[in-house]
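What follows is chain A paired twice: with chain B in the first complex and chain C in the second.
Moving on, here comes the complex of A and B:
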């Protein structure tokens, strides 16, 4: 995988487009974009992105591999699905954005300190542990995600909410000691393992 | 006119009976109007009443009918009495529907109705029923000039309908540009891949068809006559000439590709690897399904870029300013040649606006994307020819980047130039300037010039909005890219339409009937030659070239070329041109029939009752006035409206006469003129506007203000504006005072 990151991609050739098609979820749709810009105009976060979807697709075609994969743009997607609903060519744009983010993470090209990426990892780790989301742990992890000092600050800010939740029985402090779990945890982990094997095999097959 | 016997019939339906004093109208018709029979009916348009009118015609000798009811555009079938002249007095849309139903308005409304009855009774006196001249007989032989896909399709379609066809082709084989194509853009579902160009199939159909004669290596060296009796000299390359007669002609002379040598910035001519679209078709034909090799060194092309709008849609000198319509689809098709023969080849289309007209255009575009053709929105600036690879310098408009891209080959999507022959309206060349001689296509023996009139960019003129096939030379139809830029599929449709129009022209001319827009009209202008001064205005101004000049300079009229607009009648300064049912008198006498009140100078409280004459084009302005009536949009009660065939048929004598008889203002309503004309007779409105620009001299002679005559371009949708224009004139008259010429 590492050598690909250093491979020179010739600009305006189709090699990066092919790479995206092979490795990114729904990536085979990128070539169907007709550059109308409706997605960019529909995106509620559009003005805050470095590159709106239409531009990202053009960059893929133009072979701007590094710029695309290290971009924070696809991490900004909130999955509102406005673009999908409006795309006249029916591209699954939201899915492609997630696919690009996923591929960038696989290649280790996520921009440093990317908040969405950090939270996504926390969520995944939390969920796969017991098969259930442990909200107390996830909340604390999220507070302390950006360091100890900030975590304390955040916790103090939220303490009234937390105490009220404890009082009304909406949150159990015992969740800290392991927390609730699904019945067949072993089976669940085996399932995840199998899925990873399948995924790795797919990656190996595409040589990426 | 001793034998005219008028029957006047006044309807009381649709509120006419309540709003108008119909007894008074009846007494005017029988008194001033001299109607022999005059009747009021509750519902004039019901069958039993119509039958009674027919009985009057059959038994009482009524030969002129005045219908005082609704507009001439309503109940047309009910009041269509054959071989009888009918004048429709528009009391409904023209009077009660445009006037308020109030006690104060009643008097002026009644006066309006009375004047219209007077006008109707006068009009029929000066009309006689038109009959065909029987000048022509039917000639079911069609000439197709040009043996490309348009001409071939026209010929096959016409022969299927039972007509003889001759095709004249300048080169040694049929097929034209389509025949040079490796494949064509698909015309059928699923619009996914290029398909066979279809020329072999058409060729087989033509050679198997005994109704079609093909003249190869031939041109038309002289075309004279008129629809139904065209006489054409067909000359072969070797110089032998045969003369044949035809009923109608289709000109499918196609286009010439833009000369890419005018694009040195794209390295055309500097390296053989830069080709135009036809150049690429040749390479694709040579490759015949194997990977396309580039001309310079025979290397298999691994990346190719198509530059769209090369030398077109550009305001640079020597470039084409228009879009040629087919080039985007063609480039998509050609990019598929590369992808299909070599999937590893990068094929990119550099475009600014991708336009894929037609039902399957978008599907074809999508199909190319699926096949991996990439589309880059950008503007090419330069192509630099290299030894191994060539560099395209372009601006990526999405990423706002300046890009240098190395490619193996470049294809330029250049435009099309129509083969429309001589521009007969071109201003004469300045002395000393070098004139490049243009070869005529039809060599018409018409007074107006050798070829079909052109509109813009050299494409032949036809009425774009209303009847796109109808040209300015009746019976000669242009089809395909000589008429406007188009692709093969559009050209095939165009060819079929032109064949149908040509058949219509053949049949109509045999019956003496006019073509669009006065389809079926049997009336035609006659020339009172003893009064003619050979001024040539009619021959020059006829928008359809219907009038030639004989050796002595007298007009020599060709009935079947004529579209019956009356522009000649409007042009004639000595008023010797008239139709049986439309003449200087039939309108002029109506103008004089209107009661122009003479102000009572002793009565200080007298209200001024001005009169405004409106001459409205029957194609757009008059229907718009009717629609204004339907929408109850009111206008001044002082106006008297007369529909005219075209504003071009307006003879200035009508304006002069109106002003002399005490009218206070004249409003002329015609269609839009100029490059985006809507005039149904192409030039009529333009000519009328020109004539009216000279009317100031008349006004000065009469010592009248120039505001009293106004000419407007209106559209059929101007149902709010036209009543406003009439009211504006009423206001103007209020401001400047009534005409002093009321005696």
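Moving on, here comes the complex of A and C:
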């Protein structure tokens, strides 16, 4: 397959919009944006983004591939859906943000130490293991995501919540020993494997 | 000239706004018998509620006066107010129409002296001022009303106020026994001039029209400028009646938005540009207007007007669809939040008053018509394929400004005349 990023640059030279339309989930909507700015104004995390959604859309159309795909902007989306609700053209903006993030990850262009990306990977690994989310392990992994010292600090800070959850039966300490699972774990893993094959085949079509 | 004039040679015009009046007058002045039916007690419609027209900035009262004179002078035209069409049967050239006429409780002895209004105490929401103030239970809809006859609100019938009105009248014009009537007509062609209504701004929840006093609509702003309007011709904030000198105009309030009205209402850009001149007229250099827009659609020759407003240093333009409005505690100032897309700068701008340039939607839903009509996806009436004797005029057919509505109405009058002529064999 070679380097996917290089392949894509070659294939869609000067037409980043087409690349987004073909490869990013809901990417075909990007051209429908009329630059009114209501999404950017409605975003609760707006002040913390490098580029709010409508600016990202304009950058895509202007072919600013590098700036868009290496941006941390789409990773800031918290899925509050304010933008989708208010968009006068009903663009699925939240989904496009996730689509862009996903595509950037596949190309290996995620900014270093991107917290949302790190957590998303933890969540995925945790979930696909048994088919159920192991909250105890996920929580601990999350606390220790940024190093041992940070982890201890965070664990101490959250210990009341944790103990209360144990007390009320919301979380079991035995989850540490493997945790609960779905009935057909083998089937589930086969399914994920198949999905991965399909996905890889789709990408291979773009391959050199 | 043919020797006999059958009733099916007449034309029915439904709706007495500027389009209906125009269609009716054009047909009547061509010698056709015309019946003009209006739901409210007076002709005039939405145009009578405007302060000034764009782009010439003249007053619509002038045109209303001319039209009233034309109507009075024309023996071919019969006006029926407070009436609605219930049923239409038949085909082009021969329609049977049933009309219900509500009682006015005032007969044509009325001289519009106003004594009944002085006598009556009960007050009701004033529709002419978009319910921003109250009117008496006996009232003239507005100064230029046609016919110049008072009306008793059905709400006072059976109360002391009704008797007071009757006692106060020196011309025996009050008739409390007036009843609802049904009128049957035979006509050859029908013109729907049912007009438009402002989009209900309360639907746009982020703008808080239903929550904040100082967020009003463009049609309400027009009424403020009228000397006989709810504020006596002053631009005042509804919350505290203070002068509003720093005014924000929000474009596309309901229009061009798939959540509300999908179409561009076409008039609102020009309406807001016009309304910035009201701010200047009232406050000179102290008045500030800010227009928040997606793009300004000053179509064809209106570009000149846009350029003139742009040259006014007290008017600023911010390219942004406002995301939301909040209210500043203590001052009651509306604060607009959003991103200026020219530079992607976030703003939180406080203003004295916000005017929402609300969109235009048909005033009658398709299902509410007494016959089947074909509408486009926005609810405006389209012409069916093949021959028909029914035509839409003015804003029943599309979002139009007054100029285009009048042109459109004249065209529909001509179409109706052709139908009538074809069936009366004066034209082959």
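Basically, the second predicted complex is superposed on the first by the 191 of 208 C-alpha atoms of A that agree within 3 Å, B and C clash if a C-alpha of one lies under 4 Å from a C-alpha of the other, contacts with A are read in each partner's own complex, and residues count from 1 in each chain.
Basically, contacts are C-beta pairs under 8 Å (C-beta built on N, C-alpha and C of every residue); 3 or more make two chains touch, one makes a residue touch a chain.
None of the values given here were measured: they were computed from a predicted structure.
Visitor: Quick check on the superposed pair: does A:141 touch chain B, chain C, both, or neither? Answer first, second, both or neither.
Guide: neither
Visitor: If we overlay the two complexes on their shared chain A, which of chain B and chain C does A:46 touch? Say first, second, both or neither.
Guide: Second partner only.
Visitor: Under the stated touch criterion, which partner chain does A:34 make contact with: chain B (first), chain C (second), both, or neither?
Guide: After superposing on A, A:34 lies in contact with both chain B and chain C.
Visitor: Which partner chains sit in contact with A:14 here, chain B, chain C, both or neither? Use first/second/both/neither.
Guide: first
Visitor: Figure out whether A:86 sits in contact with chain B (first) or chain C (second), or with both, or with neither.
Guide: The second partner, chain C, only.
Visitor: A:61 in the overlay: touching chain B, chain C, both, or neither? Say first, second, both or neither.
Guide: first
Visitor: In the overlay, answer first, second, both or neither for which of chain B and chain C A:98 touches.
Guide: Touch status of A:98: no partner.
Visitor: Which parts of chain A are touched by chain B and by chain C alike?
Guide: Correct list for chain A: 34-35, 54-55, 89.
Visitor: Can you list the chain A residues touching chain C in their complex?
Guide: Of all residues in chain A, those touching chain C are 34-38, 40-42, 46-47, 51-52, 54-55, 85-86, 88-90.
Visitor: Sort out for me which residues of chain A touch chain B in the complex.
Guide: Residue list for chain A touching chain B: 11-14, 17, 31-32, 34-35, 54-55, 58-59, 61-62, 64, 89.
Visitor: Per the contact definition, I'd like the list of chain B residues that touch chain A in the complex.
Guide: These residues of chain B touch chain A: 303, 346, 348, 354, 365-366, 369-370, 372, 374-377, 396, 398-399, 401, 403, 405.
Visitor: Within the complex, which stretch of chain C touches chain A?
Guide: 206, 252, 256-259, 294, 319-324, 337-341, 344, 346
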